[in-house]
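Report on one structure; see the data block that follows.
Chain IDs A, B, C, D, E and F follow the sequence of writing; residue 1 opens each chain.
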Amino acid sequence: MKLTKVDLSFQSCNSNYPESEVVIFSVPMDTTTSFRPGTRFAGNAIRVNSIGIEWYSPYQDKSLKDYHTCDLGDLDIGVGNIKLALDCVYRTTKKILNDQKKPLMIGGEHLVSYSTIKALYEKYPDLRVIHLDAHTDLRVDFLGNIWSHATFMRHVHQFLGDGRIYQFGIRSGDKEEFEWAQTHVIQQKYEISNLSKVVEEIKNHPVYVTIDLDVLDPAYFPGTGTPEPGGITYKELLGALTEFGKLDNFVGADIVELAPMLDSSGSSTMVAIKTLRELVLLLHK
Amino acid sequence: MKLTKVDLSFQSCNSNYPESEVVIFSVPMDTTTSFRPGTRFAGNAIRVNSIGIEWYSPYQDKSLKDYHTCDLGDLDIGVGNIKLALDCVYRTTKKILNDQKKPLMIGGEHLVSYSTIKALYEKYPDLRVIHLDAHTDLRVDFLGNIWSHATFMRHVHQFLGDGRIYQFGIRSGDKEEFEWAQTHVIQQKYEISNLSKVVEEIKNHPVYVTIDLDVLDPAYFPGTGTPEPGGITYKELLGALTEFGKLDNFVGADIVELAPMLDSSGSSTMVAIKTLRELVLLLHK
Amino acid sequence: MKLTKVDLSFQSCNSNYPESEVVIFSVPMDTTTSFRPGTRFAGNAIRVNSIGIEWYSPYQDKSLKDYHTCDLGDLDIGVGNIKLALDCVYRTTKKILNDQKKPLMIGGEHLVSYSTIKALYEKYPDLRVIHLDAHTDLRVDFLGNIWSHATFMRHVHQFLGDGRIYQFGIRSGDKEEFEWAQTHVIQQKYEISNLSKVVEEIKNHPVYVTIDLDVLDPAYFPGTGTPEPGGITYKELLGALTEFGKLDNFVGADIVELAPMLDSSGSSTMVAIKTLRELVLLLHK
Amino acid sequence: MKLTKVDLSFQSCNSNYPESEVVIFSVPMDTTTSFRPGTRFAGNAIRVNSIGIEWYSPYQDKSLKDYHTCDLGDLDIGVGNIKLALDCVYRTTKKILNDQKKPLMIGGEHLVSYSTIKALYEKYPDLRVIHLDAHTDLRVDFLGNIWSHATFMRHVHQFLGDGRIYQFGIRSGDKEEFEWAQTHVIQQKYEISNLSKVVEEIKNHPVYVTIDLDVLDPAYFPGTGTPEPGGITYKELLGALTEFGKLDNFVGADIVELAPMLDSSGSSTMVAIKTLRELVLLLHK
Amino acid sequence: MKLTKVDLSFQSCNSNYPESEVVIFSVPMDTTTSFRPGTRFAGNAIRVNSIGIEWYSPYQDKSLKDYHTCDLGDLDIGVGNIKLALDCVYRTTKKILNDQKKPLMIGGEHLVSYSTIKALYEKYPDLRVIHLDAHTDLRVDFLGNIWSHATFMRHVHQFLGDGRIYQFGIRSGDKEEFEWAQTHVIQQKYEISNLSKVVEEIKNHPVYVTIDLDVLDPAYFPGTGTPEPGGITYKELLGALTEFGKLDNFVGADIVELAPMLDSSGSSTMVAIKTLRELVLLLHK
Amino acid sequence: MKLTKVDLSFQSCNSNYPESEVVIFSVPMDTTTSFRPGTRFAGNAIRVNSIGIEWYSPYQDKSLKDYHTCDLGDLDIGVGNIKLALDCVYRTTKKILNDQKKPLMIGGEHLVSYSTIKALYEKYPDLRVIHLDAHTDLRVDFLGNIWSHATFMRHVHQFLGDGRIYQFGIRSGDKEEFEWAQTHVIQQKYEISNLSKVVEEIKNHPVYVTIDLDVLDPAYFPGTGTPEPGGITYKELLGALTEFGKLDNFVGADIVELAPMLDSSGSSTMVAIKTLRELVLLLHK
């Protein structure tokens, strides 16, 4: 009988870092959240409750047990300091990429995706970003902040440039954002039905996928800070995941905006967990 | 720096009464609620949380900021006195109509709609009523009360007469109600797919829309006293709202039966808020 | 004025046992539940809240008031003793069947269905079982137990044999379970669209229906221990119930896995209640 | 094996009416509740959860099993009709008293105690009332209603007269109520330390005890509509119960204002349950 | 009948600014909260639920109706920008003081008190601060931030100097904080029993009172981000309020750290509301 | 930058096993829980939320950072198999004791303490057990089980013998239990005021402390399966912890019965966390 320290890695993703091809980490940051905060707790809620899901996916006929995945846990980003936090995410992602592994991030608020995408862009200058979300996140500034969950994709655009950001499911934003989007990003409002065509189009490019889980209708994902009625169903999201399986160069992904304090039934946490399992398996192509 | 009193108007609907074309008010009454009470708190829950939604609607390409809307807050109706409360709603609606403005009410239980419809009927004798609901509300009496959320549309029928009430989404009631409905109202059970045709038919008449939010499936709207599984999706409700935009004479509306105490995630409150924003913009034709 | 003891039978199913054709009982057992327990409280949560639904079903145009149904309440199964509990369910079902009545069970965890199906099989050797569920429940053993919610259908197979178990909506299990299923049961993954064809095929056989309510997407049924995103809608379940109405020999049914402690809005409890009402009426053919 | 209908009597208080000396009933009324409603559900919440307490009281060294107590369940009072409800409570109490039994009521809002006290007064013209509460309940009218939870003790005073109402723990009311109280009732503000002396003084008179559980500090009893910080502890309430054991003629009692919808941990419901067990045993002197 | 805009001022504190002697405002900031956020919602939760308390205080025999108090609502501080928010609080307090009114602030996290105390110190260089709290808040820096809820009182010390900060109820902090406190502030650990003596000592000085409501035991105030067991009771806090009534120069106050998202029963919100009512009345000396 | 696997040890108790003097582990078992289950989740809820407490204790003037403590996490006990689970706890405790370390267990239901006490008794035949609890746990059998949370201390008595079990705070049980207790254990009902005297008496013996947190009044600890009103305050429990500091041979301890699903505010979890911190520091004498 050998006694060892507690291991609360996501499901069976308990490999050590050196041997792993996919690396999970979470970012407990919700500093710029404008309505209801709490996404900082998403990572550990996902870890602790991941015993509630199978390691086998019938959708992909693959099992987490058959791959080496490491879970770094919450990054140590302090509290209330945006710059510090973004830099930590950026350096962690760089390190993972340098070590020839794939990053899979759990937010936190959506602003944290800025740093992963930046690091990925530096490795893959030809990067394309698929962005599922209820909100445009294309503001120039928001409530006095330039760096905000509501502006992060505008920042991403600054280095990615026109026509490389593909948005789906968008149903909330300011008038200016929607107008700006028309000439700078590819955007499907309300629905994600064009995703299949887009994947076909960009499948040979390196692709990063960022999923704000509030792209789902609040019926399917009530446990989030700013639920926006009129979203997609979970089966539609599963359909999107199937599409991602067709990407030839799927280089990283994230899921953001689970707020466990708002998830009294725990079903939103299970939505995040199932989505994460599928993404781990997809990245282990 | 000028300091002024707190203003908790719904979103940016903070115009003064005289300059407003649309007037919001809420009725904190749930006296005849037979199962789980609490709709009395809907109005202020909607106000306080309305910061969680944009003032711009991509569906209508219109913004609350571009119109003058006044929010009166909760009417002062006392507690437990049905007659008093109904009379207060009636007189308030009359006043709004006399001032050539459009009323937009937040319930409360559905009985309160009796008073707004009565006042509107007196101004528009040719009034038609579109009624979205899970329940028929066509009883003669209920648990010893003639005036009840379960009887209110029967009372409305007494002055409106046959063929002027259009019900959609109905899936609960007594056998007698369904039978009576066949000859007195136009009723689509379970679905709202006929709404488009009805709007086409009555678009030149003055039309009032009363939305019991429990027409939505409890998946989409769990925060209500008497959830009835088997309802419509929020996208279907958005479709209905689009239809209302085709009415030439949309004279008033209400949303009822949000019960914030049953909405631990807050997503049902956001459903009410988004629906209210769309209705404000629709009434500002 | 005659004062009598409290009667908390399900809705208006308050007939005495001898005169009843359908007999409801609940089994407060969740001993082998591996994730979040609490289904032991389902029966009484359903009873107490059943005042929130009508006794009339517009779907079947039938009313609970027109039939004799008895509600036995929770069986007295002790705590933590699986054998004792299963035996109690078995003997109760046998007694009901011997008295020429139809059993309608409320779980508890899904393991309890083993005992009802066993008793029914002994009366109807030609029994077919329709099984709606998110999970296969076909394991050989689970976390050290042979008798478990995750193994119960494998046990049922031991006496029923190949080709008599029809599974629908399955989306979670181990690889081995899915493989084993291919040659031993009829299984439709993710969807229930084949149900109509199956009912047509087996309608002349005695059929038992076991509904793990987690076959529904967690949007529609969050109040359960192990929510599995990607399930069916409540309208699809209503469609299934309509199909069951075509069975010529519908001999018994159950609904399992409601966990009231996880149902803060009460809407999952209403899902169970409405489903139960429809099943009572279906069994009173 | 004999199968019988469900029995959800409070704990083991499942005797039939004729053989019982103490009779429990609950009144699902909260019509005049001015802040947060929901006490209508107290009775059945208490019944269903009473399995969580022992039938033996170490405080009194007595057991519920050793006495005959009947539980009538919720009275059938309709919804929203105050007069009807009060009359039903009155007639039920009269009937119980005529049958030489003792009534033990579960509220509902405090207004329902008016009817029990009236019926008791008619049997015992020399009645004294001990009233534990956070609120004075001595208004002349409240929010337009003469009959209200906030006025009921003023109505009781009309027939009982001066000096027969003993209030303890009072810490909320209007200025006028406190002033009126000085000359008409015996009132201890904030504390209940004088209870022992009062019991000594009135022990030979017939005494009714009405306990608004919000006399407890919200720390001990958060699950109530209008929690008022600064109340007594549960040990102090246990002390009061011990005092009631010294009454020679304890003729009836009630506990009111549990609101289960506000009791997410269930601990307030257990407070009501334990208090009810002690009262049953005290009444079985 | 005159229709006017919604007024959701705290209880009956609905006077206009110019005529008011006491001015309430709330600060929706929780940017540096290190554990569970959400105090940003305290102000409006207090406003909306303040109908649940009387305007009359039996403790002081005074009524809110008899004084002019203005409620400014939430200050407009943006999101995630500490400097901006602190400056806004500072300027607002300055303005109120310049207009010869008394400020009464609702937090938000405790850091916001830095700004009110600074403004008050500039008006009253002889200021004393009474600080009720579970936590020392005396760190030099915390998780990488110098400006934090955990450091704010250390900043206050920088201008106030030694011996002018009186802490009570403290039971959590780092070893260094407790050591530093011994020579720089007057601190009573765990209890507040010395408060009476302190008030006697400093009653002629201008005194500001800052109440972190988590000084209360979590039994009495569970709805806060960082509950620390072992605190005082609400009656002890009422005792402290009585002491504050003896101050000759009570110049301002605040209550902080109510987190409504963690207050499912609403009782913590009522604790804040009652405390606020008492403070309004105390400041209207 | 070195990336390593997630570490979710309790607070800063993250030493490796070999170097540690105190070893924490949790037992996710609630199989025999008779009322509301869920204590299986206590261990990880405590771990994840332990960031909400300081590592420094002002009560003991000691810090977790100054000691080597290992946290093993949840033991791997399967589901629903009592024998297997008890044996696993027993063997783990034996191993820890053999390695000259001190065990500190987190339940789970109280039955798990049987195994730790047995292992400790085998090492320390002169063992004394201090037992804080609301319930006697002295039944011979319970609901058909001999091994149950309600019987475990009776089993402990079988090997410990008369006069070695010291119970405090007991306020619930069957009549037979209380009677049996009089001659076999030392029991203080309702209170713990005799603890100081008992500690003085047995301080030279090896002592194990088992704390059922429901010894606290539900006001202080609502998040438990079977709350029993009338318990002690948290300050009284802190007093007991201070007494334990006087033991010369404090050989191990446990805290049991936290049920996180019932702790919506999280304050009960913080009670467990703070108590655990104090116990870790006490065991590191």
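Convention: a contact is a pair of C-beta atoms (placed from the backbone, for glycine too) under 8 Å apart; a residue touches a chain by one contact, two chains touch by 3 or more.
Keep in mind that this is a model prediction, so the values were computed, not measured.
J.: Following contacts chain by chain, what is the lowest number of steps it takes to reach subunit F starting at subunit A?
T.: The fewest steps needed to get from subunit A to subunit F is 1.
J.: Looking at the contacts, which chains touch subunit B and subunit F alike?
T.: A, C, D, E
J.: Shared touching chains for subunit A and subunit E?
T.: Touching subunit A as well as subunit E, we find B, F.
J.: So which chain is the furthest away from subunit B, centre to centre on CA atoms?
T.: F
J.: What rotation angle, rounded to the nearest 5 degrees, superposes the C-alpha atoms of subunit B onto those of its identical copy subunit D?
T.: The best-fit rotation has an angle of 180 degrees.
J.: Approximately how many whole Å separate the CA-defined centres of subunit A and subunit C?
T.: Result: the chain centres lie 38 Å from each other.
J.: Centroid from C-alpha atoms only, then distance subunit C to subunit D, rounded to Å. What do you get?
T.: So the centroids are 40 Å from each other.
J.: Could you tell me which residues belong to subunit F and also touch two or more other chains?
T.: 34, 36, 217, 219-220, 262, 264
J.: How is the touch graph of the chains shaped: line, ring, star, complete or other?
T.: other
J.: Provide the full list of chain pairs in touch.
T.: A-B, A-C, A-E, A-F, B-C, B-D, B-E, C-D, C-F, D-E, D-F, E-F
J.: Name, in rising order, each residue of subunit F that touches subunit E in their complex.
T.: The contact residues of subunit F facing subunit E are 51-54, 56, 58, 61, 63, 217, 219-220, 233-235, 238, 264-267, 270-271, 274-275.
J.: In their shared complex, at which residues does subunit C touch subunit D?
T.: For subunit C paired with subunit D, touching residues are 1, 3-9, 14, 16-17, 23, 44-45, 47-48, 70-74, 91-92, 95-96, 264.
J.: Per the contact definition, I'd like the list of subunit E residues that touch subunit A in the complex.
T.: 30-34, 36-38, 40-41, 78-82, 84, 142-145, 148, 261-262
J.: What residues on subunit E touch subunit F, complex-wise?
T.: My answer: residues 34-36, 170-175, 178, 189-190, 217-220, 222-223, 226-230, 262-264, 268.
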